[in-house]
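Chain lettering (A, B, C and D) follows the sequence in which the chains are written, and residue indices restart at 1 in each chain.
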Amino acid sequence: MNAVFALLAGLTLGAALAAVTLRNLVHAALCLALALAGLGLIYIHLEAEFVGLAQILVYVGAVAILIVFAVLLVRGAELPEGRVSRAPWWGAGFTALFAATLLWAVVRSPVIRQATRPAPTVTVRAIGDQLMRDYVVPLQAIGMLLTAATLGAALIALPRRDPNSSAHQPTPP
Amino acid sequence: MPSLDQLPLYLKDQIVALFPTPLQPWVGALIAIGTLCALFPALFAFTTVLERKTLARIQNRLGPNRVGPAGFLQFAADGIKSLTKEDIVPRNADRVVHFLAPFVVVVPPLLALAVLPIGRNLVALDLKETGLLYFFAVGASVEVGVFMAGWSGGNKYSLLGAMRALAQLISYELPLILSALTVVMLTGSLSLVSMVEKQSSVNFGGLYSWNVFTPWGALGFLLFLTAAAAEANRSPFDLPEAESEIIAGYFTEYSGFKFALFFLGEYLGLFAVCGLGITLFLGGWLPPFTWLNWVPSWLWFFGKLMCLIFFFVWLRGTLPRLRMDQLMQFAWQFLFPLTLINAFVAGVWHFTASWNFALRWALGAGLLALAYTLLSRPFTQAFPRRTYRFAP
Amino acid sequence: MNPLAGCLLLSCLLFASGLGAVLIRRNAIVVLIGIELMLNAANLNFIAFWRYGPNPEALTGLMAALFALAIAAAEAAVGLALIISLYRRHHRSDIDVAEELKG
Amino acid sequence: MDFLAHHVWLIPLLPLVAAGLIAVTPRPQRQFASSLSIGALAAAFLLATLAFAATLAPGYTRTISNLPWFTAGDLTLHWGWILDPISAAMLVMITFVGSLIFIFSTGYLAEDPNYTRFFGFLSLFAAAMLGLVIANSLLVLFVCWELVGVASYLLIGFWFTKPAAAAAAKKAFITTRIGDLGLFTAMLWLNSETGTLLFYDSGRGCLESAALTSLVAQTTVAGLTFTAAISLLAFWGAAGKSGQLPLHVWLPDAMEGPTPVSALIHAATMVAAGVFLTARLYPLLSATPGAEGLTFSNTTPALITIAWVGAATAVFAAVCAVAQHDLKRVLAYSTVSQLGLMFVGVATGGPAVGLVHLLTHAFFKALLFLGAGSVIHACHHEQDLRRLGGLRRGLPVTFAAYAVGMMALSGVPILFSGFWSKDAVLHGALAWPASKGPFVLCVIGAALTAFYMMRQMCFVFLGEPRGVNASDAHAHLPPHESPRVMTVPLVVLALCTLLLSAVCTPFWPALEHYLAGPKATPPSVTAGVWGLLVLSTVATATGLGLAWFAYRPVRGSASSADPLAERFPAVFGVLNRAFGVDALYAATLTRWGRGLGTAAAWFDRWVWAGLVDLFHTLGQFTGWISGRVDEDALNGGFDAGCEATRWSGRRLSLVHNGQAPRYLRIVALGATVFALLLFGWMEQK
């Protein structure tokens, strides 16, 4: 655990906590982007440059933008209702329980006491070879999934041609 | 005595050698950072004047002509003005985000410029595995800044401008990346340095084999330029800051130095994307012919950069602005499929390496011409040829 | 304690904060943000175990992380579309307005 | 051309692809559909010509290419293609005549709304028929055989809104299916005995001596060898397809289809498939036990049966044709009669003799049918002989072409190919050692053929206009010559009919020699040949003369009555109803079938239903008993149980309040418990 990692971890964790606690949804989304970018930097720090940069490209460039778009489309920058759900203490309790379980498991785990090995050298070419050879079926499946997700998202988000539910949008003359 | 070509590197080594050994890597990095942070903003200053004068020439006016010789010190006057102006933050604004946005817009292009090889052995950050991915990842961060600027102002127009900018950035990022991908495919590496080196083989007549001399490269360069114009919010894709519709777009609510920072960010983005185009397609710092090798390599890079910038200025002075739906239609129905087909043709080019050069060229060009004809049909049909009638 | 422990602890905390958002917050977008955080916490584990695990040459962790990245992107797109559709129907984006499955 | 010989499947592939494309073509794309199917068949014709040229090489026997299709247990089935003189000649004939008929159809069906579909069906038929002739496996042949049956069904019933057409299509399909049963049984038997369905497989095929030797060595009922029994079953199938007695009834009715269909399917190609099958299976048909276990002879029981059935059909159908009033029905009966003649040729003179007649007949019968189509088209779909007349003036081209076809069919000497090919059949029958009966019947048939053709000629083309053409009342237009697309195929076919005679004469029997293969001895011209030529000429002249005498046009008279019908009304009536075979079938087979059905229904209603009713009543009784027990004894306890379940369900459903947060909390709790269990278990280890 060195200083760079600690710095990045603090940044990431702080941004993540801000993302889930802030009242303003746009702030929350921006903090999420920051947290995920920090995570990308941690990946780079862990010698996974390719994944880290892909993480930044995908999350900061696409997902964060998507979320702020959604926030603006549902006019939810400021929360009109209460911030928390109907029974927050139950949720908090469960969260604490789960976090405690995980932390306990990590602390008791033998892997964190083993000696680490030097960083492997990974070329992008190796990643490409693996993707195109051993992982070609998952790759194709992911392609199908992304296509289906694109189409599905477009279909779900399309306004229904239903006169009853279109009170808030102008009806064509 | 070093050659003129390697002079910057020599100077850097000399300076670094003055410091104790443990500090040397840090000093080297600082020198590189400092050079980038000085060089490109200076180029920005020069470019603003150049752009104003060129536009004025196109529009039959004089342009800036009061400050300095032939008005060339106009940028200094502008800079002093923006520094001394009052920095206004609207009451409705989200102060934190409003303050952060200009920096989020300026820093990523500067970071992106670091991986561009501006001369032989002259690159601030040589990422051997992920250079191009780094460029795009950092470039994508600008979008967040644009949104922050547009949203934080609490102004309808700036929010509209931000939305337009985001839609446009996301839509044109795809053709931009896909047209760059062809070069990655043919180079087999994401390193920008090795992309330039790959183009340094010499053809007949001492001509360097720039990627733009191949069918996929020629079309890819054009597609890249189109997408780059959109990414840099340059005319005819400057809808996000269409002053006749939404004032200044997403930075309407900025004034003074922050406003200047947005301008700087835009131009740095333009430099970065033009530099990338040069690296990918125009042979980077390579001269066109071997017998021109005596000209320093960094001069070639900046010469090409100025040519491209001049091209964009010319474009701005010539073309009218598109409508939003036309913009989107163009991106998704024309550019995107054409870049995909271009990538396919690049693959064909790769696998026909053993063929006769002319035959290979004809095959690639024929495929692309066919795709172009088919894809452009809806557009030519939607906009029939106009006949102009002039007054006698 | 080795560097892996830091990664695992960070991942635990990220996951817990995501889970907290999902369980406590009411707004659907915040819930989605929480889900993204949880996914990324899992991704961090993939990377960490690849880096410090017994067999980094196999690239398994990297591959899993890349695929998880793509899946998370798809999930975000579909989730946001669902939220928008929910908003259209109920004019609110709270997660508890969708209760048609009440038993 | 070696490539084509091994890839002869390309020829049927072309029309098949065309059919597939037309199947997905929208109906208004008429031009596209017809051009596509004509183009595909014309291209197939070019390929077929090339393949034909390849077979002309001296010493050429056959090229086969087999490939396994699938394996089920011990059984491996093969695809296989064969290119030998028989299939090459058939390929050329089918593609050539087919192309002409396709072209003719564009004119004939120009106004039909289902034009596109028609060409799809035609292409499908052409593909199946071409596949049939190149099949080197009885299985492939059978598949194509059934496909041509389907195409024939679709095309006869093309005007399915007409009840007669729909009924005729059904009849044709069912009757040929009855025949196919025989072929199918033959196929199964052959496969179980020889283990292969390939005809030729370098010594292992079922038509090669090893298989035949083992087949002739075994006998079944009535002392028939296996070959004879299988051959008879196969001939049952061939008789169904080729309309031989007693399965001929469907063919005259099939004339309800469009005339180009009648020309292509029910005259030139499909009905000849039966003859082709006997020619293809000839080694099987003629195999008989001999000195070294196997010898070939043309007096096996199977061939004797075929010869007699063929000869009987030839005379029977010719007699029926004399008394038909419908233009196309006359030609249909004539086709049946000629097919009988071909069977006689195959059985007595060998496959080459039968096939020569098949080929010449294909040309002139297609010509006659297309001529009839042209007449029908010109006279606004009037087909009754008695209402047509004097058309030679309105339709000169059709008249000339029709006259060529008529003379070829009648057997007018020297110039017409029909004369020579028929003569070859008669020659074979005369030289047949088993019996002279078929020969005599064939000569009678020839005379009758000349008679009814002359009769038809007199009615349709000679004399004065009558019926629709004469009465001004509904003369929409005077009869007009058909458009160029219809007359040009007629002229081409007429020329072919004339030219083909050059290669069919006994003086230079090139076609027969080619078909018989290089090993056969060429037939020589003997004194007997001259005598036979004279005899057949006399028979033809007699037929023509009698018909002229009876039906010669009387100037100024436009009587629509048939002189023969007036003279012998009873006989004519019987003949007109084709000896009442249809009525006989209706009275016997159909009625028996219906009776069987009624009996089964009665049995069903009274015996089985009674049993069912009995059980039903028993069931009701036990139900009543158990119902009482239930109500009184069990229900109280059960009701209490139900109430408890409902109560707990109501409590439990509170968990399902439809709210995602609660579900998510439960999921989280479950995950926590699971994680605790998992880690606890790992700690234990």
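Keep in mind that, in the parts below, a residue touches a chain if its C-beta (ideal position, glycine included) is under 8 Å from a C-beta of that chain, and two chains touch if they have at least 3 such contacts.
Remember, predicted model here, so these are calculated numbers, not experimental data.
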Longest centre-to-centre distance from chain D, chain (CA-based): B
Centre-to-centre distance between chain D and chain A (centres being mean Cα positions), rounded to whole Å: 69
Distance between chain centroids, defined by C-alpha means - chain B, chain D (Å): 73
Centre-to-centre distance between chain C and chain A (centres being mean Cα positions), rounded to whole Å: 5
Where chain C touches two or more other chains, by residue: 19, 23, 26, 95-96
Per-residue multi-chain contacts in chain A, two or more chains: 50, 54, 62, 69, 85-86, 90-91, 94-95, 98, 102
Touching two or more other chains - residues of chain D: 659, 661, 665, 668
Pairwise chain contacts, counting only pairs that touch as defined: A-B, A-C, A-D, C-D
Complex contacts: residues of chain C adjacent to chain A: 1-10, 12-21, 23-27, 29-30, 32-34, 36-37, 40, 43-44, 47-48, 50-52, 56-57, 59, 62-63, 65-67, 69-78, 80-85, 87-89, 91-96
Interface residues, chain D side, partner chain A - complex: 659, 661-662, 665, 668-669, 671-672, 675-676, 679, 683
Touching residues (chain side chain A, partner chain B) in the complex: 24, 26-27, 30, 33, 37, 40, 49-50, 53-54, 56-57, 60-62, 64-65, 68-69, 72, 123-125
Parts of chain C lying in touch with chain D, wherever the complex brings them together: 19, 22-23, 26, 31, 95-96, 98-103
Chain A to chain C touching residues, read off their complex: 1-2, 5-6, 9, 12-13, 16-17, 19-20, 25, 28-29, 32, 35-36, 39, 42-43, 46-48, 50-51, 54-55, 58-59, 62-63, 66-67, 69-71, 73-74, 76, 79-86, 88, 90-92, 94-95, 98-99, 102-103, 106, 109, 111-117, 119-120, 122, 126-127, 130-131, 135, 138, 142, 145-146, 148-150, 152-157, 159-160, 165, 168
